[in-house]
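What follows is a set of structures to go through.
Each of the next two complexes has chain A plus one other chain: chain B in the first, chain C in the second.
Take a look at the complex of A and B:
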């Protein structure tokens, strides 16, 4: 497309005024480019058309989830990924956690749902959205989407601007206000996984380090009766069969981010 | 020039002060670092070879590690096939540091010598530890 200098400066100026930065600004300048960009990133040379032979997703059976399950999977994830613990809400770092129905489905996905379900704890984690707003706003491409659908992070590149935290409608991201090593003192560390440093954002990575070795995420392995992990691109996969027979909800679908965590009710 | 008698000595003093690090180190011999290769894992190796050749690793391990990082994180390529056709799992913490478990005597020696003390790898990556949990 052609654009003269005046037009460029106009859009750049307006974008700056509106605070549209990062890749979002590209979409104003060159519509359509961004979608290509999201599909391409990190794709072993693959383009969106060639994809997806693999699209990872997860189901969580709400009725089988209770406080114990929440505690168990959180413990597993916290150990595996050296996630720090701090004793106050503001500094909290969480990849997977339990929350109430009202918080999980703040939009009131179905207000007439069985009251018993509303009492249950909901396991929340990054949804590995198909159209992840966190990826769009990241000015350094520290957050990106892999061709298999995992929204991953390269902590080396995170500059801590926290745009992704503002963009994620699910609160899936935590900022390291404090040195995470402080919050790991006295705990057994997983020697195979790094920690993060102060000033970067972190979140669930769908256990990408395990998936690349052919294993399933640790939480799904620890609570197989509650969580199913699988390839949604394959019509015969375990997860597709679960979704065929069970009714499921997804969080905030009206926002169009296309979450890939399904809650079975 | 006005005030040449002040400006010129002033400049001489200034330049002298600025170059203190250079001439104060002149003639001082700093022995080159000897990174130690004696670790239990290396001792067990049949063929004492790094992932790539010694000279290459010496000069280019930093670029090499960046390539490893990008390939593993962004492309999910966690197996590296080296120039000898051998396969390695791509990981600083789980591959490099398994052999070089003596960080202080290996990494740090050269890094300190070259004035790149403490590259910030170790703010996130866990340095190898002994059985008591002390960093090696």
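Take a look at the complex of A and C:
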């Protein structure tokens, strides 16, 4: 089950309110500064205590995931975000994709794990890390962490240095090596989401555009039996309940980036 | 003084025209890249930095190498370097300009580059790299140009440049340290995640920069009546030798840590480069050639009669220059990306336009160097 509806509306309401009054305006005037919030008290008159207690995260139930789910989820995401397709690996752009257990847990793979799990596709996407190295290295703050934990991109500010790609230990970022609109030719476009230009980095954004409207990420909505999206800061949220009863893994936890995507095994 | 670059022999002009032609081809390719995007290069989602950043890294080292003349001359008053220290400073100018150009061509949205200044972000090492590189360029222009002006007027250099000279010493160290930090602080890139990245960078810089300088000085000596001084050349050669020994020793340390600890992530980058990984071994011959040339160069420089023989000296310096270039200008960047974070190997092949653009930047460096060296030599000849 995905997030409880009432719980969601409650949180979305609070964030919308705060968005209009304080942080939203702040972000409009100086986009990107929000990432500096963590550990920096009182920046521009905003205090940490004022922030809503939200920390978005996601669980993925590995056992319920299969090729069909991957295809469905990817299709929804690709359409909603106008993600280009090129038929060569070199120019590839992807936000969420399926990969093998060995690749997903490259350094922690256990060859004796249940064969059933070994054969399942693992959905990979940006982990919206709590200590995101991609944000730390970006020279323009084009990639930044919002107070609700989402690591977002400002496509208009990115200079395309690709430092963030070198820094991300999960291979979650893509670069527009060529005009992405060419990889969209002949496809139905989503008029509500901007297409990008060449020369900028992009990646999964946890559907911020939907979250800010009170919806949940499109993948979690499309595959509610597999993905649960919710607020990890709230002990009563359903994602916390799921994590309480199920065993979960996170990728490359030893690197200290603190991924917020949890794999239920 | 620059007008001295406007008079020269036919051979001089032939060389300039050749460089301009190379620059022209690369410029055309760059225009193509601006129109199409970085898709014209061999880079991909897995190998997101390639020839450009690798060359950038290497030439930061060449630029920093100049300090190996500045320290003896100004800290120890080693007068044998009085004649040649300016060649080192001008080499640094050319190398830093190349670095900045490599960055410009590597950026996907170069027109937004000033964003780095509009939104200064001290937690990004790239921000600091920009500051130290531009600072080093300014320092070397100030020092080099003013010393030359003074020399022309037969007066000692103005006292106010002294602080700049002293500043240039830690600053040279800083440019290569900060460049090493671009790599060394990234989680998950095991080949780069090593505390001796900066010392390795400095050791290879102090081998690469001075060895190139020896080659250039011998060339200038051959083409003009300028005499760098045998003792000076020999001293620089010893610097190259010791720096290269340190450089190879540091590399051995990397091997020890990775292979004795037996941690897969730490071994896999080195494995890919030196032995091949998962059936991919394109760079293996390159890396072993680099090791061979590096050791060979050391051997030639260690044996005094060989070092004193200019033919062997040239071979030694060329070997070490090539060896460090392969190590830093090819292996370092690519080895950091292979295997990728999912332990997969995607190989990288630079494309023609990519190589043409990089070559054009080499040519711009050569052009700047030719002009600056021409001015120095003309002033010296006038004064002689």
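Everything that follows uses one rule, which is that the second predicted complex is superposed on the first by the 209 of 265 C-alpha atoms of A that agree within 3 Å, B and C clash if a C-alpha of one lies under 4 Å from a C-alpha of the other, contacts with A are read in each partner's own complex, and residues count from 1 in each chain.
One rule holds in what follows: contacts are C-beta pairs under 8 Å (C-beta built on N, C-alpha and C of every residue); 3 or more make two chains touch, one makes a residue touch a chain.
Keep in mind it's a predicted model, so treat the numbers as computed, not measured.
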item: Room on chain A for both chain B and chain C (clash or fit); value: fit
item: First (chain B), second (chain C), both or neither touched by A:228; value: neither
item: Chain B versus chain C as contact partner of A:237, first or second or both or neither; value: neither
item: Contacts of A:148 with chain B and chain C, given as first, second, both or neither; value: first
item: Touching partner for A:208 - first (chain B), second (chain C), both, neither; value: first
item: Chain B versus chain C as contact partner of A:195, first or second or both or neither; value: first
item: Minimum C-alpha spacing, chains overlaid - chain B and chain C, in Å; value: 12
item: Touching residues on chain A, where the partner in the complex is chain C; value: 32, 89-94, 99, 102-104, 106-107, 133, 136-142, 157-163, 165-171, 173-179, 198-201, 252, 255-257
item: Parts of chain C lying in touch with chain A, wherever the complex brings them together; value: 36-39, 41-46, 48-49, 106-110, 112-113, 115-116, 118-119, 121, 123-127, 130, 182-183, 185-189, 264-265, 336-337, 340-344, 346
item: Residues of chain B that touch chain A when the two form their complex; value: 69-70, 72-78, 93-94, 120, 123-126, 128-129
item: Touching residues on chain A, where the partner in the complex is chain B; value: 41-44, 82, 144, 146, 148, 152, 154-156, 189, 191-197, 208, 212-213
